[in-house]
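For reference, the structure I am asking about is given below.
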Amino acid sequence: MTLETFSGTFGLWMGAALTLCIFSFLYKDNPFYRFAEHLFVGVSAGYWLVYNYWNIVKPNLIDPLREEQWQYLLPLVLGIFMLTRLFPNVGWLSRWAIAFMIGSGSGIMIITYLQSNFLEQIKSTLVPLDPTGQPWYVVVNNVILLVGVVSGLVYFFFSKAHTGVTGRIARIGVVFLMVSFGASFGYTVMARISLLIGRLYFLLHKCVGVI
Amino acid sequence: MSFAGARLLHISLCVLAGSLVLCGQALCQSAPPDTPPSPATDLVVKDTPDDDGGSVTLSWSLSADDKGGAKDVLSYEIRRSKSPDGPFTTIKKVLKGTSSTTDEKKVENNVDYYYQVVTKDASSETPSAVAGPVRAHVQWFNLGRLNTLLITILYTALLLYFISRAKKGEKLFVRRIAGLDALDEAVGCAPEMGKPALYVPGISTISDVATIASVNILSGVARTVADYDTRLIVPNFDPIVMTVAQEVVREGYMAAGKPEAYREEDVFYVTSSQFPFVAAVDGIMVRERPATNLFIGMFFAESLILAETGASTGAIQIAGTDAIAQLPFFIAACDYTLIGEELYAASAYLSRAPLLLGSLKGQDWMKMFLIGCIFIGLVTLNVGFAGFKSLFDLPLTIFR
Amino acid sequence: MGSVPVEARRSLVDRLKDIDRRVIFVFIAVAVIIPLVWPIGLSLKASPPARALFNEVESLPRGSIVLMAFDYDPATEIELGPMSLAFLKQCFRKGLKVVGLALWPQGAQLARTSFSEAAEGYDVRYGVDYVNLGFKAGGIVVIDSLGKNIRASFPVDVDGRPLSELPLMKSIRNFADIDFVMSLSAGDPGLPFWIMIAQGRYGRKVGGGCTAVSAPMLYPYFPNQLVGLLGGMKGAAEYELLVGEKGPATRGMDAQSIAHAAIVIFILIGNIFFFISRRRQKLMGART
Amino acid sequence: MRRQVPLVICFVAGVLMLAQSFVPPLNWFYTNALAWARIISCIAVFIGLISLVRLHATKVRRRAADWKFSIITLLALLYMMLAGLLTRYGVFVKLHGQCVPGSMGDKIVTGFQNAFNFQDIFLNIQIPVQATMFSLLAFYIASAAFRAFRARTFEATLLLVAATIVMLGRVPVGHYIWGVPQATAWILDVPNTAAKRGIMIGIGLGMTSTALKIMLGIERTYLGIKD
């Protein structure tokens, strides 16, 4: 056995053993799961730290600063402010960095969501209802779509009690919501089963070799 | 044979001979027989609209030999010069079938440029007519987003109007939101059972507004928990969210008059990787057995792993998210779920702060406005006028 | 009838109504494992893009050169791996020569596994009937360089052997010597780049396989720029059907069907017992 | 200073972000702010690291429940950091804009000397465990469906029926049942689209209103400062 295949085989078995450790959680919590969980947390925390350093901090902060692009001092300073959290008496400085991130995040969200969740959605709801020149079922579907969107919006009215007409429309909205949630649930099952097939195939094929 | 016929024969023979010679040459050079491709036509150059300069947009009609599939033309080369007579330098190459592109290669603002598009095949090329002059300009307003700006102004104005009315002390009605009504009860049952409460503020960053909505709810939850003298466990995915959560929870305990009960080690960082985070939170749920699990914020595929594990421990679970894809799973596995906008309404609902309630009213008015727009749009569209619909285009092109 | 048996039966119904979730887990595991080990081959119809790909490869003359790109990683192996197996088996059976390479770093290793698995049972030899050139970083740039000279990007194969030592590679210089390009693509870099360069610039015939998620985005390329496309595990199963090799994807699709059916049955059972217990409760309520 | 400056920063950053989408010459703020936020997040990982180490170190020191497992977390963390940051191989190499761990130039590092290197640990621990955690969803989606899909109420019945039809419509076995594929397509295209759109618009309004309140300083719970 060459060293390379040894390392490959060893890795394979390690992967298989850890897979079983995680699956054992389905029965109940146990030391094997705890082992895999704690290992996993440690490895991933270390991995992301290293990944962040090589992929973001070095190319996007250290290298530009070396090339004397001084605008990068700002994130450096804000980053250091963030670290003041570790020292109680100057910890309030971290709020400056947080405020920057929250402020810029909010600003961009307003534009993005007014465009994608508002303008775009109104536009796609404006559908032709004229029965001439298109099959009847298209028109029926368009009417259903319209009813669904409007009643869904009425469901989200907060300043009006869900009674009377509002209540009835909101209930139609709930009908649409439920059908949609059911459909999304059913739609996702396939993707999730695929994941399990992938894992079991790995175990049965690569490790046990029965298929 | 008529004269015309003889002439035709003569031409054909010449062409035949010519192509034989060409073929011969081609064979010697082991290249396929070739004629230069026909040029691209109708080249139009203009300043790229709605940008901060430094860019020119070109469009043209494809060469007659560019018909898609394995035809003669391989690519188009964009060439640029500061004078109509050249010299032209190559800026970029685009693949066949492309009929527009932008030039952003060191374009100076307010300088005249001339362009030509060169159609290329395997061995020869044909330049188009020169187009220009064109100048790149800085635009101070992005006309394509005029509709977004108007909506932003309208919405801001509506919100501010209702907030100011609320400030003046006007009473504002808010309907019941079951998930939020259940919140106090759910958090309250943890101490009765002598167990902690678990709060997961999602797995997104602090720049995500959903996370902030979650932090707002956390603030209220922390106060309730402090009142009952219970532990509140808050595992975090993002370090910055963790620092904010720590501040908010500490503040909650202080507001409840029990700053000494706050334990910083209960608001901690796990890891910024989705599944290790879930593995750890699952571990907490089965080991610490919290009586209440709250999953509020932005979630991805892990939502169901969390909610099902929580359900298996018998905890009361309330979820809230604006991740549409995850809503079905929370609804299936949790006792209550805040759906989309309800998550954002929570802050106002729980605090009953008039300023926040005012904004809820503004949101509702915006919905009315929207329903109005839909009806006007439908009527205009179905009488054959599409202009209203195009007001919602992105980018808006109606004013160009 | 006395009241005691009713009580006893009610508790049984209640117990079935709230089956331990671990029972469900066992059934799901079984529903997936059994078809994986003993495939049923539930009827499946090959979609036009899969059939077109199959026919195109079938029509290639013996000895044609197929370039196969393994542009995926272990995360998507369950979808794309079976495609590579079915496709390679078809190539080996038809006597086509296959040149494998990878634009994704882990693709090289996955290619190695696929080649050795597919080669079993066929009289094919490494270096003569197929080669694995390994991984090269650069995405679209690498594809472009294949148009001029393969050796510029891949001077050696995956194990570091110079191409000159591999008989198959002696006759292959660039795209001009390649008859068909197949890309199994999990994202970027992947199929769109092959279409753009190999098909668009060099006029090669390109076929592909992709994940179920990216299939809707790639279908529009068929049939003009792509001779055929396999989408997700379903596409892989269709191809196995066409090639006549019941492989992992067929097993997978069977497992999908059975597992879905199992979940539906559980939902039905849950509801049946829910209704029985509700009726009993109503009866009990009426009695007291 | 402590209260006002953050609110001012938040407001200015928000307004600049809004303005840049309408005023092209301000576009630079968008690109830079995103990069800066990413850098700040990365530096902040250090705080997370301290929190993680402190949590587990405390458990070990106090011999709290599962303290032995905490040692595993700490060792794994330490090992990954050393392997990733200090290895002479530079274990990370930049490849077409994306760093691929474990490769030296174009050649993947394999072999015994690297059996426990950064890349292999990632491949043999992180990837299988991650995939297995993810695959637990196949079990959970079944148990959730069993528990939740009961025809208790009219709404619950709708949820149940829609889910069952779509579930069957997605797999070959469903194509044996008349009408299921068509019904699946219709449910997904019509009522599902309508409901999603309603939710999306609601989210759009709720999120933008919250974002505006944050910018204007009306919503400031996140600062942990109460008025």
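In order of appearance the chains are A, B, C and D, and numbering begins at 1 in each one.
Keep this in mind: contacts are C-beta pairs under 8 Å (C-beta built on N, C-alpha and C of every residue); 3 or more make two chains touch, one makes a residue touch a chain.
Bear in mind that the values here come from a model prediction, so they are computed numbers and not experimental data.
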Practice task
Sort out for me whether A-B or A-D is joined by the greater number of C-beta contact pairs.
Solution key: A-D
Practice task
Starting from the mean Cα coordinates of chain A and chain D, work out the distance between those two points in Å.
Solution key: 5
Handout entry: Inter-centroid spacing, chain B versus chain A (mean Cα positions, whole Å)
Key = 14
Practice task
Starting from the mean Cα coordinates of chain B and chain D, work out the distance between those two points in Å.
Solution key: 16
Handout entry: Centroid distance [mean C-alpha coordinates] between chain C and chain B, Å
Key = 30
Fill in the blank from the handout: Shared-interface residues of chain D (touching two or more other chains) are 18, 21, 37, 40-41, 44-49, 52, 66, 123, 127, 129-131, 133-134, 136-139, 141, 143, 145, 147, 149, 159-160, 163-164, 167-168, 170-171, 196, 199-203, 205, 207-208, 210-212, 214, 222-223
Exercise for the section: Provide the list of chain B residues touching at least two other chains, using ranges where the numbers run on. Expected result: 148, 152, 155, 205-207, 209, 212, 240, 243-244, 270-273, 275-276, 279, 287, 308, 324, 327, 329, 331-332, 339-342, 345, 360, 363, 367, 370
Exercise for the section: Hunt down the residues of chain A that sit against at least two other chains at once, touch-wise. Expected result: 22, 25-26, 34, 36-37, 40-41, 43-45, 47-48, 82, 85, 98, 101-102, 104-106, 109-111, 114, 118, 122, 125, 146, 149-150, 153, 156, 177, 181-182, 184-185, 188-190, 193, 196, 198
Practice task
Could you tell me which shape the graph of touching chains takes: line, ring, star, complete or other?
Solution key: complete
Fill in the blank from the handout: As the complex stands, chain A meets chain B at residues 22, 25, 28-29, 33-34, 36-37, 40-41, 43-45, 47-48, 82, 85, 94, 98, 101-102, 104-106, 109-111, 114-115, 118-120, 122-123, 125-130, 146, 149-150, 153-154, 156-162, 177, 181-182, 184-185, 188
Handout entry: Partner chain B, residues of chain C touching it in the complex
Key = 21, 196, 200-201, 203, 224
Handout entry: Interfacial residue positions of chain B with respect to chain A in the complex
Key = 147-148, 151-152, 155, 172-175, 177, 205-209, 212, 240, 243-244, 270-273, 275-276, 279-280, 282-283, 286-287, 324-325, 327-329, 331-332, 339-342, 345, 349, 360-361, 363-364, 367, 370-371, 373-374, 377-378, 381-382, 388-389, 392-394
Practice task
Provide the residue numbers of chain B that touch chain C in the complex, in ascending order.
Solution key: 68-70, 74-75, 95-97, 308, 312
Fill in the blank from the handout: Touching chain D in the complex, chain C uses residues 19, 21, 24-25, 27-29, 32, 42-44, 74-75, 105-106, 108-109, 135-139, 189, 253, 256-264, 266-267, 269-271, 274-275
